[in-house]
Amino acid sequence: MRPDVLPVMLVFLPFLAGLLQFIAGRPAPRLGNVLVGVNLLLVLALIPGVADEGAIVANLGGWSEPLAIHLLADGLALLMLLLTALLAVAVSLYAMAAWRDQHHDALRFWTLWPLLLGSLNALFLSRDLFNIYVTLELVTLAAIPLVLLAGPGKTVDAALRYLLFALLGSLIYLAGVALLYAQAGTLDLALLADALPDSTLAGSLGASLIIVGILIKAAILPFHVWLPAAHGGAPAAVSAILSALVVKAAAYLLLRLWSGPLDPLVTPAAGQLLGALGALAILFGSWQAFRQERLKLVVAYSTVAQLGYMLLFFPMAVTAAWQGAVYHGLAHGLAKGALFLAAGNILLYLGHDRLREMRGIDRPLAVSLLAFGLAGVSIMGLPPSGGFTAKWLLLTASVETGQWWWTITLLLGGLLAAAYVFRVLRLAFLQPPENVPDRPGMVPPPLMAWSATVLAVLAIVLGVVSAPLLELLGSPVGGSE
Amino acid sequence: MTGIEPLAVAAAGLMGIGLYGFCLCRHAVRRLLSINLFGNGVFLALILIARRLPDGPDPVPHAMVLTGIVIAVSATAFGLALVRRQARTRGDDET
Amino acid sequence: MSGLYQAMPLWVLLSSLLAAAVILALGEDHPRLRIGINLAAALLKLVLVGVMLLGVRAGHEFLLRVPLMPGIDLVLHADALSMLFISLSALLWLATTIYAIAYLEDSPNRARFFGFFSLCVAATMGIATAGNLFTFFLFYEMLTLSTWPLVVHRGTEKAMRAGRGYLWYTLGGSAVLLLGIVLLHGLAGSQDFVAGGTLEHLVDSHPLALTGIFLLLIGGMGVKAALAPVHGWLPTAMVAPAPVSALLHAVAVVKAGAFGIVRVVYDVYGINLMQDLGLAQLLAIMASITIIYGSLRAIWQTDLKRRLAYSTVSQVSYIALGIALANPLASIGGLVHLVHQGLMKITLFFCAGCYAETHGIHAIEDLDGIGRRMPWTTAMFTLGALGMIGLPPLAGFISKWYLGLGAVAAGQFWVVGVLLASTVLNAIYFLPILHRVWFRPPRDEQTEGLAEAAPGLLGPTLFAGFAALAAGLFAGFDWSPLAWVELLVEREYSP
Amino acid sequence: MTTFLACGLILAGVGFYLAGTVGLLRFPDVYSRLHALTKADNTGLGLLALGVALLAGSPRLALLIALVWLVAIIAASVACHLIAGYALQVGECGDEDDR
Amino acid sequence: MTALDSLLALLLLLLAARCVSARSLLQAIVAFIVLGLLLALSWVRLEAPDLALAEAAIGAGLLGVLLLGTWRSLPLGHGNERIPLPWQGLRPALITTGCTVLAVLLTVALHQHPEQAAMSGLAALDQLDAAGVDQPVTAVLLNFRAYDTLLEMGVLLMALIGTLMLDSPLPRDTELPARTMLPATLAQLFLPLILLIGLYLVWAGAYSPGGAFQGGAVLAGAGVLLILTGFGEGDGRDGWVLRALLAGGALVFTLAGLLLIPVTGAFMAYPQGLVTPIMVLIEFSLALSIALSLLLLYTGTPGLRRRGER
């Protein structure tokens, strides 16, 4: 089989599954689970090709260069696909148990989720500015209905706010694309950098609009306002997907575009500005996470903070920073998935997620708490974990470039993360109250508990297997060494 | 090309006004309108850009606009459904 | 086969890591199986450590290298210094495990406790066998994380507060340490631990940077080693169960900090470089201040475990002081104290635990006449206390003697003064306790009669006490800690 | 000649439109406004269409324009009818813009 | 003709300002709809008649109906607000400054022309012969960049699923048709014409302005008319045929992408000779999906039925 069939399958098979599920009209979780399994296999099958050749390119439609649409699977895309595939398996297993008895919600979930998976794959594989716009919209419009699964009455405000910001962000992005197309005459990422004339106002403005649009989608600090309510309000499985993948996809785009087509347009000052936004996000988000009274909001604000780390690549722009930022994306994805699934289990058992009233949950929820703790290790950036590897790479980058202010930010961010993670973990150790009242909820089935744990363990394992993954990733395409 | 193209000014103005409306309006329908104003500005700009080809308009931006319109309208329709649902939920709460 | 042998540090590590995993997975349902696994792992580890001891003694160095990131390896490496720490920890782990099984009988959440307990020791093994700063940091953080659940084990508000303090101190320390490691990595790349250090070539170009990094490294490790002024977590952490205190003070945490300082001084910077940069003197002064300060604070404590905790603050700094003097004799004194202090302090904490568990005694003033009811325990307590004071021929004396000799040889006479003052202060805070336990009548007349601690508690106490005694009495023998340290110091100073 | 005629027709159409718009703005209530608007605008549209058809010069186009005109006046009449009916039903709600 | 362009531009800006600043939501919506129509007019002048059609039908027409319907379903006075004027406070002043600067920059940027013409566009016109259709935009949409269109159908479908999840259909008017038979008669009269135009637009897309989107929008408009005049209404139930038609547009693309791989060796490439039939098939399934999706977006219900049917 030709290797370039694989990227195409990664987009089309999930779509096919989603459409069939839509037509079928009754939930088929098995189909969904087979799909995510196949998806993982496809991604794994991509690895040797990418490792050998650096990238696999699929031409859609067979047209020639400036016109054709390509799918590109290089190291960066592959790592994100791998993250998506792993998370997809865990989330699907979780969802199978979570929506076992709800026919309606299950149908919607199993329709939207494959479509979202296909959209995410399409986004990661995209090599075309306008494809990216459409996939961004696709991802958003699949994500918001998923948020609504928690009950439209409760989440409609959050969903509406999410939609408004996402829509504005993508149109601002499109405005940037228009300006770049006007200058370069192509939408292909690989051709764009060469086709762009040097330092025109239109080019710089276009690049800025693109970046701002993506920042809104990625919920970077001044634009984060839509995130906590949406991620905190969605069902656990959906929150995991949103926090681990959907916002990550936007951050991924920033990395991809910055180090590729926008490379001739970006300036060090812009890099510092983005870095500053990232640093602010880290500090502010962590502080907010520490102050929240509800568990899922803690985790949601933690996402605001953690996304900031990926922005620290831009001011430093060396290979170590590149690797650190991407690796942070991976580690955070796995860990955050685990955190949300574990939080979902706690919510299921207690019937609420108010931190003050959580006691005596250690026995029935031991596995979920273990998942929370392990994922917390990665979130805090403590060794051995993917989070630590990322932090280490970013730290070495900051030392290498002499930009000590990021060093301080990174260390401070780790401490703040510890503050909010342990604020939750301590609950597991608190003495149970004298008379335990009747629990309204139920003990989550093993499948739900263990899918969280598997993700958390993967986040830890990520810290041990970094060498081959980083080799796969390589260095930024246009960035300075 | 000499002088100012009035429709280019209009495109830029639509985007500016749309952004202004998004920042200052509170009601969701108004924000959706503002977003669509911004979008219309972008589409107009794309159509202007498409005219730069020597022989006939450039079909690529045109296709982008067509796709963009459908996406914007479907997203807006979804947004309006959200608004209706929100109003209904609020109404239920009050009674 | 030789590969398996070469990977001995890994097996030692895994023997407790796997035990931890199995214990945590078992849950509360199978107490017997759990105890069996726990003890088996402890014994297995002892055997493995014995095998390694033979190997290292014969001049073999175990080395295992796994690439982690580009340019960074996970290095497990067992040299003489590692073995000193490993042997101590492995031996005391067995004792502490037995003690803990008896101590926590019928209390809730035991699986959790013993799981993290094993994890702690696994981390300690990693610290001892770490072959570079990166690996060291990895296990150092693992230790932090696995100790926290033990400190807050009781789940009371007080325990939670102690846990919070512990976390803030240690995580703050780790951040500082990480900063130092990253800066050093940026300056010199990833360097394995090598006797005599690897940074000599940088001294002319980056003297300031080297000094700064040294301060960061020592500052970061100083938190765990409870150097003043970052010792605050140690006394509050004494709310934890007695086995945990033993672990914190003797087996793992404090020792890990001290051990790290030794590693940095010997194998990263090297003694010569340290002296050239004027850092040796600085470290000596810091250690001296801590010694005096800890002893002074101990005097005013009315809670037995708190007093012991401040005593630890003071005593652990002997180690730092010894190596800071940069003289073979003083180094022997400092390093051997790593073992001696461990043995003596664990004895003392075991005794404190016996008092608390058997009669519910926490305050020193309630100890009146306890010697008559718990003669064995109290005898061990006396051994430990006298050893701490430095009464010949007990273990503490050996350490202090070599330290003093080293100070004289190095021409640092003020250190002798510090040692003397510390001895006097030790006497001031220990002797009144000894007086109380043996010579004062019990306060409550009804509690007459022999009431010794349970055998599971007493056994390890006796073992630790006699080990401490033996370390002093038989210091001249071939396999004594002193002999081992002499061998070690010889290797450090000879090349 | 045709051009002149066409221009005249178009100008006349514009005049009707103007009148209709003035009526829309100046008349006091819905009914009279509709009255002004529909009558004047439909006539205006007719004149305009006629003028343009003359200019187009091809019978096919002229026919198409006629079709457009037809459809437009039917739609306008129906819309007028509906608006008037609605106004009658809910009562005169004035011309204020708040609902 | 710059004068007319200037007038159009001025009107567009004025309407946009009105849309943002009108106190009444209804007026804002009306301004928006009028703006859409004027925009369509300006696009005709910019050699984009097919886009003008789409904007008029979808952007102004269908969206307008939806906006008005939503406005009606809101409580009285909901959404009426007076936004602060630029000088009323620091925040409006800052935002005004920012937006003005952006607009000025954009204007300047839109006047910067690169030296060489857009290479993708040239390539598209160049390879038009191989695309199976004569109309460049249709060629781009259905062949050169068919992938975009597939994804776009996904967006439409997901917006629809999301809307249906909310279960808030537009309020139905029960009184008006009872009062008068005129609209119903008219609908009966016009419906064949509308259907004809819709189908013609789909068919014509291959060689002249028009296409699946415009045609689909007109067909959806016919549906809206039927509902407004009381012949049909939204239904709470759906059937698999309807769902299959809704998913059909995306499904045809997906299947064409997957099944033709062994035939052509490339993805989303169509075998020579079969290009035109495949294009037509795609056009019609797309148009049907679009029409039904837009119609259901309008009703907000998962199904449709004739009025009075159960």
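So that you can tell them apart, the chains are marked A, B, C, D and E in the order they are listed, and the count of residues begins at 1 in each.
Quick note on the criterion: a contact is a pair of C-beta atoms (placed from the backbone, for glycine too) under 8 Å apart; a residue touches a chain by one contact, two chains touch by 3 or more.
Source: prediction; values computed, not measured.
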Set of chains adjacent to chain B and to chain C: A
By mean Cα position, the chain sitting nearest the middle: A
Chain at maximum distance from chain C, centres defined as averaged CA atoms: D
Pair joined by more contacting C-beta pairs (A-C or A-E): A-E
Distance from the mean Cα position of chain E to that of chain A, given in whole angstrom: 31
Centre-to-centre distance between chain E and chain D (centres being mean Cα positions), rounded to whole Å: 27
Where chain C and chain D are represented by their mean Cα positions, the distance between them in whole Å: 97
Where chain E touches two or more other chains, by residue: 105-106, 110, 113, 117-118, 120-122, 124, 145, 148, 152, 155, 159, 162, 166-167
Shared interface positions of chain C, touching two or more other chains: none
Pairwise chain contacts under the document criterion: A-B, A-C, A-E, B-E, D-E
Chain A partner contacts - residues on chain C that touch it in the complex: 24, 27-28, 67-70, 72, 109, 112, 137-138, 141-142, 144-145, 148-149, 152-156, 159-160, 163-164, 167, 171-172, 174-175, 178-179, 182-183, 185-186
Residue ranges of chain B in contact with chain E within the complex: 1, 3-21, 23-27, 29-30, 33-34, 36-37, 40, 43-45, 47-67, 69-78, 80-85, 87-88, 91
Complex interface listing, chain B residues touching chain A: 15, 22, 28, 31-32, 35, 38-39, 41-42, 45-46, 49, 52, 60-61, 64, 67-68, 71-72, 74-76, 78-79, 82-83, 85-86, 89, 92
Contacting residues of chain A [partner chain E, same complex]: 5, 8-9, 12-13, 15-16, 19, 22-25, 58-69, 108, 111-112, 115, 118-119, 122, 130-131, 134-135, 137-138, 141-142, 144-145, 148-149, 152, 156, 175, 179, 181-188, 195, 197, 200-202, 205-206
Touching residues on chain A, where the partner in the complex is chain B: 67, 130, 133-134, 137, 140-141, 144, 152-153, 156-157, 159-160, 163-164, 167-168, 171-172, 174-175, 177-179, 181-182, 187
